[in-house]
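Take this structure, written in C-alpha cells, and hold onto it; I'll ask about it next.
By written order: A, B, C and D. Residues from 1 in each chain.
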Amino acid sequence: MAVFILKRLAQVIPVILGVTLVVFLIMQMVPGDSAVILAGEGASEQTIEDLRESLGLNKPIYVQYFDYIKGVVQGDFGNSLKNGKPVLEEISTRLPITFELAMYSIAITIILGLIAGIVSAIRPYSWLDMSFMVIALLGISLPSFWLGILLMYTFAINLGWLPVAGWESPMHIILPAITLGAGGAAIVARMTRSSMLEVVNQDFIRTAKAKGLKGYVIIFKHALRNAMIPVITVVGLQFGSLLGGTVLVESVFAVNGLGRMIVDAIRTRDLPVVQGGVLVASLIFVFVNLIVDILYRVFNKRIDLN
Amino acid sequence: MSENVQAATLSQVRSQVKKKKRKELWQKIYSNKAALAGLIILSIYALMLIFGPLLSPYDPYEIDLQNKLQGPTLDHLMGTDDKGRDILSRILYGSYLTLGVGFSAVLFGGSVGILLGLVAGYYGGKIDSIISRLIDVMLAFPGILLALAIVSALGTSLINVTIAVGFFSIPMFARIVRGSTMEVKKLEYIDAVRTLGANNVIILFRHILPNILSPIIIQASMRLATAILSAAGLSFLGLGAQPPSPEWGAMLSAGRDFLFNAPHMALFPGIMISFLVLGLNLLGDGLRDALDPRMKA
Amino acid sequence: MEQQKVLEVKNLKTHFFTKEGVSKAVDGVSFYLNKGETIGVVGESGCGKSMTSLSILNLIPSPPGKIVEGEILLHGKNIVGLPQEELRQIRGKKISMIFQEPMTSLNPVITVGEQIAETIRLHEKLPRKQAWDKAVEMLRIVGIPSPEKRAKQEPYQLSGGMRQRVMIAMALACSPDVLIADEPTTALDVTIQAQILEILKDLQQKMGMSIIFITHDLGVVSEMCDKVAVMYAGQVIEEGATEELFEQPLHPYTRGLIDSLPKLYEEQDELQTIEGSVPSPYKYPVGCRYADRCPFARDLCREAQPELIEMAKGRKVRCYQYSEKWNLQESGEL
Amino acid sequence: MGEVQPILEVTNLKQYFYLKKEKLFGEKQIVRAVDDISFQLYEGETLSIVGESGCGKSTTGRSILRLDEPTDGSISLFGENLLEMTQKQLRVARKDIQIIFQDPYASLNPRRTIRQMLTEAMSIQDVVPKEKQEARMIELMQLVGLQPEYLERYPHEFSGGQRQRIGIARALSVNPKIIICDESVSALDVSIQAQILNLLKKLQKELGLTLLFISHDLSVVRHISDRVIVMYLGKIVEIANKKSLFDTPVHPYTRALFSAIPTVEKGQKRERIILKGDVPSPLNPPSGCRFHTRCPFATEQCKQQEPQLVEVKDGHKTACHYWENFL
C-alpha cells in the first residue's frame, strides 16, 4: 500500500509539470508583446526594453519556463497587471471562499446522489425510481448557470426567502451550493443505480441468496461495497467538474471566489492572475484525484494483481 | 452455367440480407423509447436550424426601443428583449450558432481524440506512454477550466470557444478509444487477420475501428451535450459570442440583468439550451442501452 | 425396504417469458434423490440442467423466469411457492449450492472466512468468534493449507481450485441434507478437478448428504454418481443407475452422446456424430423433441410426445422404441 | 532411407513476459511462460501439445506465429528462421501457417460477413485471382460443410459449431501447409466436438495438411494425433508417438494426468494418482525439476537438478531423473 502511494505520488510529478507547461505555453500564445502592454500606451522604446529585461522576456523560452517553475515553487505567481499586487495574495483571499462552496456542493453531490441511486436500485422501475431518474436526467441537462438563475428568481426574487447574491451569511451559501452540486448529484445517482443493478446480477449475489442471507444483508453488505467501486471514480471526476463549475456559479451569484477572479481577469486580460488561478485549481484537482485513486485502491484490492 | 446461377442467387440473398439489417436497426431504435424521445426533440431542433430564418417573424437584430422588455404576447410569442428585439426570432436565428459550435467542437475533439486513442491503444509501449501522459495532463484541468485558459489566450470569440471546447473534448475521446482498442486488440479475430498477413492499417481501420464505434457514438452524443453546455457557459460569461449575437448563452447572460422585471428574457434561451441537452442525453441513454449495455453514465 | 426420499422433483416446469416469446427451459422434469445418494443430471448446453438446479432453490432470474408448474418435495414437503422468508431458512441450511465459476461466485471484497462465517452465524445462531472458528475448521476440512491465514484473505488471493474448496466449505458449513453442485469442476484443470471430486466424495461419506451433480461431462458423472438423469430440450429422456446407463444406453440420444466422445483407451478412426442441432426452447416440435436428429425416427415420433416409460425399477426412457405402439406400427397394425 | 526434414523446427524457444514491478526496489518480475523448448513438426503429421492451464501450450502456438514476439530461440519454417524476418517478410510467410482458435465467438469479427472475411483473406495474400474468388469461396464453404448461402451472413447468426467451421474455412482460404489448432474444440458440446474433429481429420487427409493441435483434453488428443508433447510449467516433460505415450506413459506427471481424467469406459483398472496442491506460478517456477513440488516420487536430486529430455525408447523422450523406474 505504502509502495502504491509512493508510486502514485511519483506519477503526479510529471502531470504537475505538464500542467504548468500547458499553462505557461497557453500564455505564450497570447498575441502581442506583454512588455508593450505592460508599459502602457506611449511608452518609450527604452522603457519597454528595460521592462523586457526585468521580466526576463529576452531569455530563451525554456529558460523563461524554468524561471516560471522556480517562481511557482517559491509561491511567486507574479504580480497582477491591473493593481500590481502579488497574484498569490489575491488567490489566498479568494481560495477559501471557493473551497467552502466546493465542499458544501460535493457534500450535496455525494449524499443526494447516493441516497437517490440506492433507493432507485432497490426498487428498480418503481414510481420512486422513475421519478428520481427523471429528475436526474433533468439534473444533467439543465445548464448550471440557468438553474442558478431559476433558483435565484424563485427563492430569492419571488419568494424572498434567501438572499439574491453575495457571500456574507450561511443563507448566502444555500443557493450556490445547490446549483453547483445538483449536476453532480444527478450523475452520481445514475451511476450508483446502474452500478448496483449490474452488481445485483452477478454470480456472487446468487451465492449470497443461495446461502439464505436476508435481503438487506445482500444489498448493503454484498452488493453496495462492490457497487461503490466505480462510483468512487465518478465522484472524483465530479470534483473536477465542480471546480470548473465554480467559474459559472460564482458569476451568477456574485460570489468573490477563485472562479470569478479568473473570469474577471480574462476580461481585463490580467494574464498572471489567470495563469495563477488556473494553475492552483488544477493542482487542487490533481491532488483530489490522487486521494480518490488511493481510496479506490482501498476499496478494490483486486487491482493488486495486475 | 450452374456457377452463374449460383452467383445470381447469392447476390439476391445478399440484397435481402441488407434490407433485413436495416429493418432490424430501425426496429431497435424505434423500440427504445428514450432514444425515440431524444430523436424527436433533436429533429425539432434540426427543423429550426434549417427553416429558422424562414420562420422568424422579425429581423433578429432590429432594435425597437418602444417595445422593449415586453412579456410574451401574440405579436411576440416569446416577448422582446431590452432593446425591443423579438426573442423568438433571435432564438431561431441563434440555433445555428449553438448547434454549430457544439458539432464543430465535437468533430474536432473527436477526430483528434479517436486517432490518438487508436494509436495509443494499438501500438502500446512508448507511444502509448507518451499519449497517455498527454491525456493525463489534459484531464488534470478541472471542468471547463482548460477551455477557459485557451480562450483567455486566444481572445474572446465564438470561434475560439469552439476550438477551446473541442480541445478539452480530446482526452475524453482518446481515453475511451484507447481502452476499447486495447480490449478489441486482444480478441482472437484480430490475431486471425494478423496471421493472414494483414498490415496495421487494415487491422486498425477495418477491424478495430468498426468494432469500437458503439462507445464512440455514445461518447459523441454525450460529449455533444457537454460541449453545448460549455460553449453556452463561456458565452454566458461573456467570453464567447459577443452582443448583439443571438447565441443562446449570451442571450441568457443578457437576460440576467432584467430578472426583476422581465424574467422571460432569461427563461426562453435557458429552456432552449436545456431541451437540446435533454434530447442529446436521452438519445445517448437510448443508444447506450441499444448498443452497449455494459457502459454506464 | 423403502429408502428415504430426501428430495423429489415432480413435473417441474420453469419457463422464461421474454420479448421473443416463452422459452420452456425446463419442461416437465421429474427425479428423486435418496439419502446419501448422488444423482447426475447431464446434458449438452441449453438442455435446461442448470435451470433445473436453480429452480430448486428458486434462484432463477425472475423476471423473466418463473416456475409455472410442478412440485419440489423436501422430506415430503412441497417448497415451491413458499414465502421468501421460509425459503430463506432452507437455503444454505437444508439445501446448499456450489457453482461453476468459483472466480465470480465469491464476493470479491469480503474475506473468505467471513463469507463462510456469516452463513454459520445466520443458520446456526453461533456468536461471531465461534462462527469464525468453525469457518476456519471448514477450510481445514476441505483441505486448504494454513486455513487460519487463508480465512483472512480475499478471493483474489486464492487459486481457482482453492476458491472452489472455499465454495464447498461454505456450502457444507451448516451440514445440509442436499448439496446441488452445478458444474463445479468445469472451470478447473483435470488434476485439480480430481482433487475436488475426491473431496466431495470423501465429505459425502462423512456427512451423509445427498448430491445433485449437474454436468455436461459424462466421464465425471460415471465417476461420481449413483444414478443419472439425461436431459434433452428441457426434459429427462433417460434415467438409470450409472453403470447400467453407460453400458446399455436405451435412448438414441444417450447412445449418440456416448459414441461421440473420443475414447481414452481405444483407437477410433472416425467419431460417431449427432447430426442437426438442439431445437429452440421457444418452439419445440410437436412430437419427440429428438425426432429430427434421430436415425430411427418414424412418423409416430413426429405426431405426439413419448412418455417417460419405466422399463425396470429406476430405469426410465422417453422413446417410442420401447413402447407397444412401436411394435404395432412395425407390424403394420397401426 | 534418408533423414526426413521437418517442415517446422522449433529450437530453444523461450517466451518470457515482463511484469511491472510490484515493489519499488524489487526485481523485475518475469513470467517464464515457455522456457527453452525444442521440437520438430513433420509434413502431414498431427502433433499435439497437451497440458494444463499455464503450461505454455497456447503461448507456444502464438510464438510460432509471432503473435507474441518470442524472447529467444529459433523457429524455422522450410529452413527459414521466422524470428529473423522483417514484418513484411513475415506477412508473406504467414500464408503457410494458419491458426484456429478456441472461442468461436471471439474469433470472428462480428461486423463482417463471411464473404467479407474470406475475400479479405484471399486478397491479402493474393492467392486467388479476383475472378476466381467467388468459385473458391463456394468451394471452401462446401469443404467445411456449410451452405454457400451462408456467405452473406454475420457471425452472430451461426451456432458455435458452425462458427468453428467458418474459422476453419478462413484458415484454409490461403492454402496453408500448417494449421495450429489452439483448443479449437474445447468450447464445444461433445456432439459438435465430434463433428469438428471428424472434419479436421478429413481435411487433413484430403489436403495433406500438417496440424499442430493444442489441447488440454487427452482423449481428444489421443483421437487426433500421431505424436504428442506433454508440457508442464513451460517445459516439455514428455514427447512420444501416440501409441507409445498412451501405452506406457513414463513421466509421473503424464501418468497423473492420465489417471485424473474421468471416463465412461469401463473395465479400465487404473491407478489413481491425486496430485497435491496447485500448479506453481510460472513467475517463480520451482528449482530443479519443475514438477517436484507435486511429484509423489520427488527426491533431493529433483529439487536441485533440472532433468534433461532423454530418449527412453524409439522416439519417446522424457525429462525425469528416474525414468528407468517408471518404464
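Rule of thumb we're sticking to: contacts are C-beta pairs under 8 Å (C-beta built on N, C-alpha and C of every residue); 3 or more make two chains touch, one makes a residue touch a chain.
Note that this is a predicted model, so its numbers are computed, not measured.
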Contacts common to chain B and chain C (chain labels): A, D
Most extensive contact between chains (C-beta pair count): A-B
Distance from chain D to chain C - Cα centre to Cα centre, in angstrom: 33
Between chain B and chain A, distance of the C-alpha-averaged centres to the nearest whole Å: 23
Euclidean distance of C-alpha centroids - chain A vs chain C, Å: 54
Contacts with two or more other chains, residues of chain A listed in rising order: none
Chain D residues counted as touching two or more neighbouring chains: none
Parts of chain B lying in touch with chain A, wherever the complex brings them together: 133-134, 136-146, 148-156, 225, 229, 232-233, 236-239, 249, 252-253, 255-256, 259-260, 263, 266, 270, 273-275, 277-278, 281-282, 285, 296-297
Chain B residues touching chain D - in the complex, by the definition given at the top: 3, 6-7, 9-10, 13-14, 17, 187-189, 191-199, 202, 206-207, 210-211
Residues of chain A that touch chain C when the two form their complex: 201-204, 206-215, 217, 221-222, 225-226, 299-302, 304-305
Chain B-facing residues of chain A, complex: 14-16, 18-19, 21-23, 26-27, 29-31, 137-138, 140-146, 149-150, 152-153, 157, 187, 190-191, 194-195, 198, 230, 234, 239-245, 247-248, 251-252, 262-263, 265-267, 269, 271, 274, 278, 281-282, 284-286, 289
Touching residues (chain side chain D, partner chain B) in the complex: 62, 65, 67, 91-92, 94-95, 97-99, 101-103, 106-113, 115, 120-121, 124-125, 134-135, 138, 148-149, 151-153, 167, 170-171, 174
